[in-house]
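Quick heads-up: structures coming right below.
Look for chain A in each of the two complexes below; its partner is chain B in the first and chain C in the second.
Here is the complex of A and B:
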């Protein structure tokens, strides 16, 4: 199979998302995030992207019992570690449910290098909107605590769809003109309120995640 | 000992239902979604506000959720600090991680909480007992833990009614504390306008107001040229002030678009019936100018027309949205602010349409403020 064509803009975009996710995680006390948690948040950002009219970076993802994981995002995370923008600790390797060996680590920002990147990105209005959107996704998902983030995808409308078996692809882009199930649910919530009530995108994200949380049962 | 909880998933009993509405989504019943929206209405409505305002808003909502869930009402205070992690000086043996703090299922009382702006998860420093003397609470935060400058909220559970005390600049700056009610009972237009009085005094009345974060309203103060988007800037100041002072059940929205136009500020609250709301107040804002931002003279007739239009807008929006009350709030940035005389041409119209009229002067210098 031919290697997919390298897309420099997409590569930069993925790195920016990784940095933004870890910055927001730091703000709400979740940092450092384990690799699987970073991937789960990045998945939710893609799954909810249509709510904020953002670009979806990973149009499909393999459904695995460990939760979503994007090899392309991991590649960019590794590069960021190499460049010193992210700090990786507690590095280990593990076999996932599909039998593949994966690197695992706790990731956090290296503030002196990461902050100027975020500040520069914030000067572009479209990127500023995206950074705000990602921040809300992380804040909303922080409801699950760091340890609940990765498993929350099991209950997600798209990733947790019972009609999609493990080992199959979850179409984050949606099918045809329809957004994926996750964005559909979030947008649906906004449409169920009384006439004249218009929710902001951030509210739709929070309410969707609250609905996910309602489906969680704690084991103390 | 730091404790952690684990979680599993349950399927929703109502989830896998037959779908009759083509827009409905399999596995996600509209009834479930409506119930969630009613319970958590207002979550995320603060997304574009500063973090210290988000703290008081979300802590208030957490306190109310806890009140719904607690088997017995919490009778001891608790304190919340805008800090993502516990300070280094905290006794680690007394720290308790609470990854699902936002559910309201966990005891808050007798603890110092370290949380982010959304207060959805956090770490608690569990105190042996809440200090009897208030001064000891401040001493613990400012001297022993060194977190006196972190924005903070104290939930005072021992008073009736229970209150939040908001310290936007931390417990070390206790003179800046504001009480925040937890219930909207007794809050109407009069109370809302008094919050605007205070915001005007603190942040709008002069270019260098007391306690201001420094929002710039003048392009050239010495020539009385306001900035072009003065109205938008005042709107933002008011939205922040109202969110910080109103109970956390009330959502302050700006720029709501509808058939008859765009509402500047609106205050709404979810009621007990899922999907239904009470719209408490609608505020139409106008900036009165004698000069534009470029120095162009604004004729007096334009000011009068703007006021007439404001009354008409406030009435139309209120009627369309069935809002309980409406006010036209004018900020007078003219060379010589003229007081309520500006309302003479519209007083009758406003009275007939039940639109409250208020005007606040905005001076170009502290000297002008003092001499006036």
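Here is the complex of A and C:
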């Protein structure tokens, strides 16, 4: 049987994204993040990637009522814990709504080991751009608060699309040359809310997330 | 909302197959709310009775042959109900010696608020009488069809026949709606869109197909015109390098264009295959992670007690090492270290330094549980490997096909401009050639207009389908819930409908458009979680029957006016094993017990539980109940029933006796 090719660059990229997400979470006072929150933010980073011209790391994700979760990203998070870059606390194993066992934990950066990685990445302009973009995504989403982050995907244009049922794939990479619905809305939203004004990527993200926030059902 | 027929009364007069008794001549069935059981033996006319009910609803009209026989997809064609000719109109006449010369049948039924009554000749199905709410109507087929369309709230009579065939009547030659995307698209549009909208989608789809076909014809005409022109040009000029080059380019272009068309036709299928492989792989990755985590959590519980400190990270690392033999710190495979650590845990020693740990009995899982979790993990890993390999294969195949298409497209485009350049260097021709060139230029201009028009209409259709699909999605949860409530009673496996719009290429060019559709996920003996089943061949025969029936009942419940409907099933026992019979009876009676629903079931007098169970659950207590149509009494006897009448009577008696017996 053909062994699937291991994409080393993709693996490093995923790890860097996890670190960047947790670094930004720390900056805005959200750290540590629960596993599902990390996955939700990582999903939004992919879903909004076309706004900032970022690489999409998970081209498609299974739609589940608990929100998006990437086994590949979780694998990299595990490795980061192994390397001591992340610290895991309150570790437990939970069954999700589909009856699958998942690991749950609070993840935070282990500063002394994580900081040099972020600094090394910042040496490259494209990665620096990406870190900034991820920071904006986390900052925007942080407005939902700790509980809102994990459930925000339910209102997202792509993940929350009622035309895609639970148990089906959400194509984060979009179809053909078209970006996914999330990026499409985020790219257009500036023109709708502030006609004639040229918006920066960060502003588009914030506007999109603000709209998302209006559609979120408040948690009792 | 759509109105489904609620059968009230069926009777025949002068029909030799159902002479009735001296006291009660002919056939007369009053369909009470709930279950009606038609009992008989081979040759007594059970299936004829079902056909009679059906023909009283359709008259001498049927779906067009290609659609009826399953080979032809609906594909938005303007379908006309085809009139039954010759022998096909004589189905009832052929069963009796007098050709049913004076025989008639009458059906009373409700459609929404309307009470309809029709009488037809059984000789040739001709309409004799038509009534709506007690008012006599002109007994003409067009009046009948118009009345039906208005009252059932459908656009065309073909729509009505489609609903009867796919929802009401459970014929032997049926196709399961879940696995027939073309019919499902049509039915979902019919049931959940206003009549005007469903007709607009169909018209718009038809428009696109027509234009697409015209465009391809024009393309073909241009191509042959170009060849003719080349020949004419060759004829009027001396041979030269330019001529030869022109002819060669034309040949190459034709060959590549044909190849490109061929490749384009396979793209929709390949996209579907790729998406399906991706879905399977993503689900396998989820199952694999679940298996790892399950094993890990057992180890984690054990480790928790063997630790001198409470470092979550260390426990995290070690449980992962023991569960998956992988060291998260360095990424190495380390089965030996895993086994050493596992040994320390079972000996109640510290996993890090091997010191003795004060014994606090861990609530660890039994070795058997752990062994099972390990086996599950091995199985999940094998499934993941296989799913990943298939996914990579499908993706590679798709990518390679797309790359080939891209290369061909740019080659064709590039060559096309070269052909024009070379053509412009050809020596000037005679008048005729000039005319040909002018004509060709006009055709090319026309083609461009057609392409623009087609693109515009295709875009319009896509937007329309997108909007209408949203309206259908509004009902998806209700359909899913109703389906699950029936299917769960039928089936032991987890079974659910997934809203999964299906991409279909409208015409032979352009991008595929996702049309509304449900797909099915069902568990299986060798799968941990429900998996998509693409066709009826992927489930057992009993499952297929139940899935189809559950889907029909769910659609009628959700989309029917007043959630009402009738189901007519001919001989369900043929595909049920002894265990499923009880479940089938329960679910059928449950549907029948919804207020005003009618369920008509025909069956031979057979041993087994089906009939007693139906009698019992359906509240049919005696052989003389008007919910039982006893064809042994009503129908003309066959040689077998004449000779073995008392044996049949005994079987019938026993079945009723068993229905009364306590469990």
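Here, the second predicted complex is superposed on the first by the 209 of 220 C-alpha atoms of A that agree within 3 Å, B and C clash if a C-alpha of one lies under 4 Å from a C-alpha of the other, contacts with A are read in each partner's own complex, and residues count from 1 in each chain.
We take it that contacts are C-beta pairs under 8 Å (C-beta built on N, C-alpha and C of every residue); 3 or more make two chains touch, one makes a residue touch a chain.
Just so it is clear, the model here is predicted, and its values are computed rather than measured.
With chain A as the common reference, chain B sits beside chain C without any clash.
By the touch criterion stated above, A:100 is placed in contact with chain C alone, chain B being left untouched. When both complexes are overlaid on chain A, the residue A:197 reaches chain B alone and has no touch with chain C. By the document's definition of touching, of the two partners only chain C reaches A:87; chain B does not. In the superposition on chain A, contact is made by A:142 with chain B only, not with chain C. Of the two partner chains placed by the overlay, chain B and chain C both lie in contact with A:162.
Once the two complexes are overlaid on the shared chain, A:151 sits against chain B while remaining clear of chain C. A count of residues in chain A touched by chain B and by chain C gives the higher number to B.
Shared-chain residue A:62: touches chain C; no touch with chain B. Look at A:74: by the touch rule set out above, it reaches chain C but stays clear of chain B. This overlay, made by fitting chain A, leaves chain B and chain C with a least C-alpha separation of 7 Å. Overlap of the chain B and chain C interfaces on chain A: residues 162. In the complex of the two chains, the chain B residues touching chain A come out as 4-12, 23-25, 27-28, 30, 32-34, 36-37, 39-45, 47-48, 51, 84-85, 97, 99-100, 102-103, 105, 114-118, 120-123, 256-258, 268, 275-277, 320-321.
Against chain B, the residues of chain A that register as touching in their complex are 26-31, 132, 135-136, 139-140, 142-148, 151, 154-155, 157, 161-162, 181, 184-185, 188-189, 191-194, 196-200, 202-207, 210-211, 213-220.
Residues 1-5, 60-62, 69, 71-72, 74-75, 78-79, 81-84, 87-91, 93, 98-103, 105, 162-169, 176 of chain A are the ones touching chain C in the complex. Per the touch definition, chain C reaches chain A in the complex via residues 275, 278-279, 282-283, 285-291, 293-294, 296-297, 300, 312-313, 315-317, 320, 327-331, 385-386, 388-389, 392-393, 469-470, 473, 476, 496, 498-501, 511, 514, 521, 529-530.
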